[in-house]
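What follows is one structure encoded as structure tokens, with my remarks underneath.
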Amino acid sequence: MISKKYFHAVLILLALTTFSITGAFAEEAPPVPAVQEAAPAPAAPASPAWDAKFAADTVWTLVTAFLVFFMNLGFAMVESGLCRSKNAVNILSKNVIVFCVTVVFFWFVGFGIMFSSGNSYFGTTGWMLFGADNSPATGDAYKGIFASLNWTGVPLYAKFIFQLVFAGTAATIVSGAVAERIKYFSFFVFSAAMAIVIYPVAGHWIWGGGWLATMKTPFLDFAGSTVVHSIGGWAALMGAILLGPRIGKYTKDGKVNAIPGHDMGMATLGMFVLWFGWFGFNPGSTMAADADAISRVAINTCIAGAVGGVAATFAAYLALGKPDLSMVLNGILAGLVAITAPCNWVTPVGSFIIGLIAGILVVYAVLFFDKIQVDDPVGALSVHLVNGVWGTLSLGLFAANVSGGITGLFYGGGIAQLIAQIKGVVAVGAYVVVVSLICWAIIKAVMGLRVGEEEEREGLDIGEHGMQAYPDFVGTTSTRGIA
Amino acid sequence: MKKIEAIIKPFKLDEVKDELNKVGVQGITVSEVKGFGRQKGHTELYRGAEYVVDFLPKVKLEIIVTDDVAEKVVQTIMNTAKTGRIGDGKIFVSNLEDAIRIRTGERGKDAI
Amino acid sequence: MISKKYFHAVLILLALTTFSITGAFAEEAPPVPAVQEAAPAPAAPASPAWDAKFAADTVWTLVTAFLVFFMNLGFAMVESGLCRSKNAVNILSKNVIVFCVTVVFFWFVGFGIMFSSGNSYFGTTGWMLFGADNSPATGDAYKGIFASLNWTGVPLYAKFIFQLVFAGTAATIVSGAVAERIKYFSFFVFSAAMAIVIYPVAGHWIWGGGWLATMKTPFLDFAGSTVVHSIGGWAALMGAILLGPRIGKYTKDGKVNAIPGHDMGMATLGMFVLWFGWFGFNPGSTMAADADAISRVAINTCIAGAVGGVAATFAAYLALGKPDLSMVLNGILAGLVAITAPCNWVTPVGSFIIGLIAGILVVYAVLFFDKIQVDDPVGALSVHLVNGVWGTLSLGLFAANVSGGITGLFYGGGIAQLIAQIKGVVAVGAYVVVVSLICWAIIKAVMGLRVGEEEEREGLDIGEHGMQAYPDFVGTTSTRGIA
Amino acid sequence: MISKKYFHAVLILLALTTFSITGAFAEEAPPVPAVQEAAPAPAAPASPAWDAKFAADTVWTLVTAFLVFFMNLGFAMVESGLCRSKNAVNILSKNVIVFCVTVVFFWFVGFGIMFSSGNSYFGTTGWMLFGADNSPATGDAYKGIFASLNWTGVPLYAKFIFQLVFAGTAATIVSGAVAERIKYFSFFVFSAAMAIVIYPVAGHWIWGGGWLATMKTPFLDFAGSTVVHSIGGWAALMGAILLGPRIGKYTKDGKVNAIPGHDMGMATLGMFVLWFGWFGFNPGSTMAADADAISRVAINTCIAGAVGGVAATFAAYLALGKPDLSMVLNGILAGLVAITAPCNWVTPVGSFIIGLIAGILVVYAVLFFDKIQVDDPVGALSVHLVNGVWGTLSLGLFAANVSGGITGLFYGGGIAQLIAQIKGVVAVGAYVVVVSLICWAIIKAVMGLRVGEEEEREGLDIGEHGMQAYPDFVGTTSTRGIA
Amino acid sequence: MKKIEAIIKPFKLDEVKDELNKVGVQGITVSEVKGFGRQKGHTELYRGAEYVVDFLPKVKLEIIVTDDVAEKVVQTIMNTAKTGRIGDGKIFVSNLEDAIRIRTGERGKDAI
Amino acid sequence: MKKIEAIIKPFKLDEVKDELNKVGVQGITVSEVKGFGRQKGHTELYRGAEYVVDFLPKVKLEIIVTDDVAEKVVQTIMNTAKTGRIGDGKIFVSNLEDAIRIRTGERGKDAI
């Protein structure tokens, strides 16, 4: 645990920032939208200016954003369920704080870096959403600094909240792979790094009008197999490697020991919540109530997830002898991750095959990471990294000319799109590996990464948080007269 | 007085309790234990990694009785808890020096 | 556990099917919508073709479909919570796989049988959604093979996903009644049978333009008290009877032993999730953003559920001496099941009475099934079958001429509607009893239905899945150095 | 436990009421909407009368109402998780029944008192929604008895369900503060009192066109920091005081003993569900798909909650030495409660500061209530009462002229709004304290409030409900042959 | 040395521990048990079916002491754990042959 | 026969079991206990209120052996469970009068 001095310093800093901003209260105009005059906001209900499309698009974007937000619960439950009870408070705490931290820092800087106009590599303005913006205007009518998001006609705040919950997801993925051994406040700081520099920069390349989006054949990622899942996955991989495996996971003779999670009900609950949230994640990425697109994306998402589950059931049965529930859960999530990039451009048949391969892939990926002794307690790497990559590539194979003319190899579109996809996968992978390694290394040097051996044995809940998740044993608490 | 400890299969608990009740045993203390013995556990896989579950769930009964009924209690447990299959469990008998009923302060036989 | 040979065979079959379809990739046009030209899909946002009604209807249909999907979690939690911990992994696994299996088979054949044009008894085309369809067009403008769904103006994919999650619900109901003793893979196969033949055929009669829907006074079931709940209930009844009661549930002298569930928090969570999902189930069945209808359906749903809970509280208190929480949960679900058929045609006062009776009915139904020694660990029969029937009939009594001129006996509409309802209940009951009995019997003959006695005693989690739900006891795992 | 006589009496009463209403079935016209002719309801889909705004507003209102409904689960889980396992069934039962009871009584009388036209203090008509109403008409076109809700153009049923779920929330707040010692049926009766008299009367003053809403500078509360949270909080405070602390909580020498909750996973789950639901609570309070407003409210809600979490983490770390997870959860909820009143009128920067203060406030409030020996097992007072007040006042400080010209002290709007806010806080506080005290006192006199000492020690689950939440110990149940 | 086993009501645990501490006891081992005795359990209903909860939650204390303090320990437990109501529990005393402290290898009295 | 009871740190369980297996012990019964001893618990805060966690999680092993191997078993446990740090635990040895294998009815040494 790092010393209190740090926190006092942080608090004072925070207070100062706050005051400097709030000191400017009375003078400043309400920060957003600055160019609002250009597009008069619909005022009272039933006013003639009320625009059906604008309203429908915003309702859709917000509702799906709420669903994506809810995925935080899914991650918290899957990860806690698949870890041991002695670390449950720690994992829950990480999942709670990672979103809170992301909100703060993605608002402060991340969103600006990712979506504001700047160069091909990162945005250079839009801190705290300050700056010119006249959305909901779109196309030529739009004037402002978030040009890369002017394709959707919803208010800036709606765009922001939708992107914000995505950023939160990327950071949460890391949590699972580093579970049961990382220091709480070190993870806290890494979450901030994710929201400030790792996620937004790579995201800018793809969704922010950066170089991958402006190649001759642009790299495509509809809802984030790469942007969210594999970015999270690469960062998680670096963390897991730097931390090393949990005590007792691998024996000197290379044997892999099982460390069963403590609550399969919790893990199953988490999976269902994630799947539910994915119906916001993928169909919501239209950021518009485009009936055809959202229906197509929804059904593709549903099929790939379901088939991933069936495939993992059989793969686990054949490879391991029994349909391991934790593998089935991973299989469904793998299907969902994989379909995330191509969901707008493939047919249900394509989704079926993409999900099928994802479900098989995830089972063998889990075995593989154990073989190379990268300890990933919840399968985050197998689900998000491996299938994030697979899903991104699959777009180049299965895109079926159902929207925007995107056609993959198997549908007669040639190899161009596939090559664009490979470029994107490699570029993002290289960037995230390097930068997250640097971030992890700095945190390790300054605060340390891993808890002490005794704390790890006794559980991080007592060591880091001074509490237990399930303290109900009659003799645990020594409080008089309470039984 | 004797202290009789019996390690039995969990699903036999109610039956054993009923039979002991019939032979006049008035008190039993039960706890959940895990047993390691000739009955081998199984090897399970979790996410592809093996683990041996060689501690099997058992129930331990502790019964304090006077010397004269000890043998009857042992026989009753033996007959009731037996399935004839490995892992049925053990009964251990040891000597007890004193027993006290907290509520009344009675000691020895009266306390049982 | 059935031999691996089966699965290899299945996998190979699957692979072959897949290849035969994917082999046709490049040549074939994107399968759906085939007649799309007839109704140009709205292309880019803000295009003049953008249609507010089309968008609003689709958003509503999808959002409510997501809510219905979420009910899978509700079922998983209610059922696991009300069973013993040694079977928790098994029940969770069943609830996870049942939806995945339904997605695959309902897409392959079920949807075609249920909604495509065919004869009065089943549809005969539309496999894998292939075939002519120009939805969103409605009425006379619609041309295609899913004529029975042309009343709603949403894209085919939206119609499909909404119907798909309904099919999943029907199959899940079975899971609860057969819990704690059925073989995992036998249940797996029965789920497929539900999605292929049991649910879609009976469903075709009512929602697919079949004979019950085209009687002089058509049988009515707004959101599925019969189509979903009592179909699931009848199939579950047959399963529970064929399986016989759990070991120890009934003693030779006719005594009923209690087998308490292992986690009431989980069960309560499940109930709330189901209730939440029901706000998709019932109001979403408009498949259109029809403001009056969806408001009316929503409030009727809410009132019936709440009153069911209050009624069950008092019924349990009077009949059993204490307000048994598991009965209160069942009571709420009973109210929700009952209002599902009539929710669009009754007033809040009607809903109140329907829910009141449902809440009382469910308590006595639980006692009744125990009396006839049909062992239903979670009360699925009392909730879904008994109240599915009650709700369907109640429509003939309480329909209050609030929509479409449907008027029941108590509101001066005469006995015609009630008689139509009785016909439907009997016909569907007879069909499902016979067909599900045949399916169960075949599965029993081929794979066996029930796990061995020792496996049942030790718990299905170890036997069928090789894992425990809560394996966190320090001595359970014998992995070196891990504490 | 009160005698069965009571319940027989209640049941008979209920039956009579029911019959008297249902007896009038055939004669009476469908009760609502009575003036429907004035605004012909959109009939078949695609009819020319279909109105996009009407549909979008209703979809939005219903979807957000469902989210608010879902908060019932959140409360149930947070409260159970933070209490001991021996009282879990009791707390779950209370959370289940409180909503059911609210539905019944808020429909019967509460809604009429709160929103129907009447005097400045309470509405005097609209029982069971009977009475003239031609919504969706708005403004001058509206004719009916719920004039205070004619600003939104959705059907009466939609207005009602949205307000109903709010009423349910207020009642649920009480449950947490009185946990682990109150009699089940006494709480049941108090819930009814909340829905009948406490919540609707104070609510009428603010949202029903009463005197606080018609002051020169009207008291403002966008989504209910005061109307919902502090009303619930004041009622809870009275209950907690009258009940006294749990056995063993405070020792004679003034020491405070910790009584840890039994499941932090459950508590965390509950927090996420509440946050998710809050995205219905606040943005839905527009009761219209007003794109700008709902986006702004959503982002303000998100930021305040997140910052509340971060602030509580550091406050707990500084004050207590470790980042207590239960405090972090409370911190997020505190931020959400605080932003509820001002969410439509402040900027993200304002939300940041409001959340920051809320997160700090809640930690010290928990310590404070323990110091004055008011025992609140789950922190309901610190979250809902303290921050309900803070949030209501903050509106007078941070309102930033972003909507409707509302401007607070710090943004140059002078002190008028702040004074209005103070008036409202005091008036509502005084009213609820007095009336809830009377209600609690009557219940205490008639039925008793607190369970016996032995029952409290052994747990209310056995005493009040005859069951345990987790009865899975092998020797707990003495049922033959079941293992 | 003596081994003293006491079965008491769970809510008395802290008080007993404190009192034992005062009379110099330095080590206690505690476990959760279920007790069957004169104190009858209750009959509960679950979904309309009866079940008898006749194993009641108790706490078992094991305390190893030298012979001379054994009686004092017994008395202390008796006085502190007593509520005078049925089900207060029992104390059992038996003989112990040897005790070893793992950390140091000390044996006998020194190990306690 | 001797009854050997050992209270050890939980994470040592597997190692101890393996070593005992090597010296020929064929049966062990294990239970989760909470220990109070020289190893002091910690003070925790929950929502600002202090509580002392002075019962620490331990594992109790019960092993019945014939007299001749008793000492070897004690030594094995001692060597394996030792970390040298406070709280390593205790071993207690007492006399056992009889042992019965339920499955076969064998008694005494044969039953172990």
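Things to note:
Labels for the chains are A, B, C, D, E and F, by order of writing; each one numbers its residues from 1.
Simple rule for what comes next: a contact is a pair of C-beta atoms (placed from the backbone, for glycine too) under 8 Å apart; a residue touches a chain by one contact, two chains touch by 3 or more.
Bear in mind that the values here come from a model prediction, so they are computed numbers and not experimental data.
Looking at subunit A and subunit E, the chains that touch each of them are B, C, D, F. Set side by side, the interfaces D-F and D-E show unequal numbers of C-beta pairs in contact, with more at D-F. Subunit B and subunit F have Cα centroids lying 18 Å from one another. Centre to centre, using the average C-alpha position, subunit A and subunit D are separated by 32 Å. Distance from the subunit A centre to the subunit B centre is 53 Å, each centre being the mean of its Cα atoms.
Of all residues in subunit E, those that touch two or more other chains are 11, 17, 30-32, 34, 44-46, 51, 54-55, 94-95.
Of all residues in subunit A, those touching 2 or more other chains are 52, 56-57, 59, 63, 257-260, 263, 269, 321-322, 324, 326, 457, 466-467, 473, 475, 477-483, listed in ascending order.
By the touch criterion given at the top, residues 457, 462, 466-467, 473, 475-479 of subunit A touch subunit F in their complex.
Subunit D makes touch with subunit F in their complex at residues 256-260, 319-322, 324, 326-327, 363, 366-367, 370, 379. Chain contact summary for the complex, subunit C toward subunit D: residues 52-53, 56-57, 59-60, 63, 67, 84-85, 138-139, 151-153, 246-249, 251, 257-265, 268-269, 271-273, 275-276, 279-280, 283, 288-292, 294-296, 298-299, 302-303, 305-307, 309-310, 313-314, 317-318, 321-326, 328-329, 332, 347-349, 352-353, 356, 400-402, 410-412, 457. Of all residues in subunit F, only 3, 17, 26-31, 64, 94-103, 105, 111 touch subunit B in the complex they form. Those residues of subunit A lying in contact with subunit D across their complex are 4, 7-8, 10-11, 14, 18, 21-22, 25-26, 30-32, 41-42, 45-46, 50, 52, 54-59, 62-63, 65-66, 69-70, 72-73, 76-77, 80, 88-89, 92-93, 95-97, 99-104, 107, 128-129, 136, 154-158, 160-161, 164, 184, 263, 266, 269, 464-472, 477, 479-483.
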